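Please go over the structures that come below.
Same chain, two partners: subunit A is paired with subunit B first, then with subunit C.
Showing the complex of A and B:
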């Protein structure tokens, strides 16, 4: 299956810090995404999932990569001052990025078609006004399921609903034929029916175009049903990497278990839903001690003082639990 | 219940929003909304954004006027209320909003917000009794360990939603309308507030209307549910019947789509 393939995106002990703060907000992140893999990142708000994704691709103005190595397609990205420029070169070519809010990510005063032909020009050097570029743009709109793509080509973003706008954002990202699509909460602003259609569109595209996907969301149940593997972030720490099929099937990291147990999913009764006591810890916890210890039923003294283990990247899965919970049997 | 008059009765209620110049508006309206809520019932209104469910909540709480049809609360027509009756209505019906960041007064300590509700709606309590009552409410919503002499910004989103619920309960309402009370909260906090509602429903025998897009809230908390789509009620019935055997095509598609 996928085992033999070299990783497409590889993070090794990556940490991210805000430009005006010394302490890293996200730290010790090691994970790898293989070509064609659909990889999910889950975390509550403030867990650092969006900060991490935006910063490693140089999209965050107020944060930088403070440590660790990032490789894409076997090539290591330069560090420190040269990182952002290198990441920016990946974006729009090998990496497509879909932000959360479809209402602010399109240019409201530019026709939809031009926003796509511009992307084609920038990514592939196709002349913006050529008939062939126009054909290609209309083709891309059709591929993401926009009805009457010729008409849509000449319309403005505000003439579309939220779901259709998010499809247009996808069309722009996909027109560049990236190897990796990074989608940051792409369906949070959308209705349930539209959400499922957009997620299915991503998955189908991944299958048909050998596209790897990094899907960031707070919705563990959505990921469990959609992706291959899930990384679980909490307090800016990487706590768990699990195969989706294992969620609910074998013991996982206590936080992943707790997160799964509080979802009121179909078929669960009230008695089967258990909330997590206390409040979520924000990003920036550091690497000393487990950020979840204050809410974890298993926590002992070591959990608060020991250094959190790093993912050595050897296995498919990983658990950072200091008590060894959730390690693959 | 015993006298046979429903607590809330909407009959053929309609509402139009007029277009404004230069504002791109989706023409949006409610058509022929009829629903009843009996005393002691927990009723859900399920719908997606733009379905009109929040407008229904606002009409029931008299925050929005309606154009035609009738609304009777405990048998009384809501179009003709005197000032005194209007105030009395406010003591009987309370609402909890989606956004706990916008619904609390940022310039009052949460204790003062609670005390204000008690001063207005529970006349005849001494200051000592009001303070004791406020402390009891704080305890009841699970904030017993927190100091209430702080401002809303000192509390997290989940805690603020608990405060908003405590403030609504301070009035001792007969009907509590909750407009998406969970959707701005994190999953782990949603489960906590869900547990709080379960406890309140059990202990206080409240009549509650839950407005939500969240099928699981309906399934877990509501006796009956109304499903709304594009300003109309498309289906209604006992929650288990509607969610397990939807008759309407839209309901079926919605249930199918939920993760």
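Showing the complex of A and C:
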């Protein structure tokens, strides 16, 4: 079923560079997200996952798309100077963006209801003060599980807890009925139980409203249980795309294996939880040589010198391991 | 409104609020309660001590001091308000522009503001007085020209602080256009800081206007501006103390009460203090 659908978001050899640096920070990223698919992006801090997501939608002031092609819903976005303006047009209509921190991502001096009616106005041209728009906004608040939505409509963001604020952030993004929701570590600031509730909210919405989700996080366990496929970034390189059902079932890219070995879980003693030896390399490794080679137990000389393979985007999964580890059997 | 009433926390703050309200009322309606015309000369009654006819006495040309005080309240406060309104408009526009555009132009504007701040308002006003002729308008112009950099710098600082916050990025993600971002996101969130600065500046600007009038480059005799009244009556201070002490007391009371209110607003509205109060247990 998933295979048949044309991709909603397609990245082909995309690289992202900072405006004041010549070297691309993230490079050689090829992946495609299908309609209604929940797609996870995972990586250590500094792996470039947030940079990538923000830049391809023109939300990063200090970075730009340095190469490659980006298509959304079958239409290719213009490149170079005109990319940002084109991406900005997608935002608020076809693409919703949920930022990391619910405590600072709501306008503190605007009532919650008005922030939603504003979003409705911007996305659909619904008049901001009409009773119908108000009804709709209250409906959206109720859908994301805000108790007493009529009351909440007239409250200010600081009157809500972190989990509730994150729901409001989602309500604002979802009210615009995007085709793709980009959630940039939406749960990092929340406690474990609230995290799960927020994720469940996204998944349910994805099922009921034909919503594709790009979920960026470093919470592996949560990701494995909630998404269809996971892309693994390291050092600004795409190393692995795996079906989350495959995790723990078949050998994966050595870095992915190492990442999932770090998850503490029930029945695993502290000694069994392995950290990855060595220090993580930052983004900006380029495409020559595997960024993980310095920490990889399997690394051989070619790993440091060969050009990293590029995802052809045809298969469900992909492994960039130069030794062929983690490739689909 | 109920929130406003919870701001004053001590007798001093309450009295400052009451005094400030009285002074504003006096400026608005005082002239209709004045027993005499503020400019009417009556040499038979010059330098009269306070009595039931002239409650605050008369000056050296027999003008009623109380009437002049009531008329002067309007003159002094309206020129203060004029200065502040113009200064806030100019300063905020430049500051917002500077913060939004950034880069070299931002730098240029802010260095200009820094250089401009180097001119003391007194020197500027003296320059204007000699160029335009000493008048209240010249004093107002001089103050506007020397005060705007304060607001430009403050607004620029506050605005770039707000622009760096996450909800601005969220607004970008929703597709909020620039004008709406300025009026619905920047200005409401900068309002607290600005209102504190304005209330503190009321007394500073008023003192400056009265000071300029006192040294003779502001309001001219016989205009009942408080600073000019003091300048006018100072040669008679040994014979007729009431001529200088009445406007002096008014200047003092206005300056002190608005300063106390400014400090109170700063305490209540300061973003860092407010965060402590707000980040407490917040239920949905």
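We adopt the following convention: the second predicted complex is superposed on the first by the 328 of 329 C-alpha atoms of A that agree within 3 Å, B and C clash if a C-alpha of one lies under 4 Å from a C-alpha of the other, contacts with A are read in each partner's own complex, and residues count from 1 in each chain.
Here, contacts are C-beta pairs under 8 Å (C-beta built on N, C-alpha and C of every residue); 3 or more make two chains touch, one makes a residue touch a chain.
What you see is a predicted model; the values in this text were computed from it and never measured.
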Worksheet entry | Touched partner set for A:105, first subunit B, second subunit C, both or neither | second
Worksheet item: Does the superposition put A:35 against subunit B (first), subunit C (second), both, or neither?
Response: neither
Discussion item. In the overlaid three-chain picture, which partner chain does A:158 touch, first (subunit B) or second (subunit C), both, or neither?
Written reply: both
Discussion item. For A:309 in the superposed arrangement: first (subunit B), second (subunit C), both or neither?
Written reply: neither
Item to complete: Using the superposition on chain A described above, determine whether A:67 touches subunit B (first), subunit C (second), both, or neither.
Response: neither
Worksheet, complete the sentence: subunit A contact set shared between subunit B and subunit C covers 158
Worksheet item: So in the complex, which bits of subunit B are touching subunit A?
Response: 24, 48-49, 156, 158-159, 186-192, 194-195, 198, 213, 215-217, 219-220, 253-254, 256-259
Worksheet entry | subunit A residues touching subunit B - in the complex, by the definition given at the top | 44-45, 158, 191-193, 195-197, 218-222, 225, 258-259, 262-266, 268-270, 273-277, 279-280
Worksheet item: Of all residues in subunit C, which touch subunit A in the complex?
Response: 165-167, 169-176, 180, 184-185, 188-189, 191, 278, 282-284
Response to the item:
Given the complex, residues on subunit A that touch subunit C span 57, 59, 88-89, 91-93, 96-97, 99-101, 104-110, 118-119, 122-123, 146-147, 152, 158-161, 164, 169, 172-173, 176
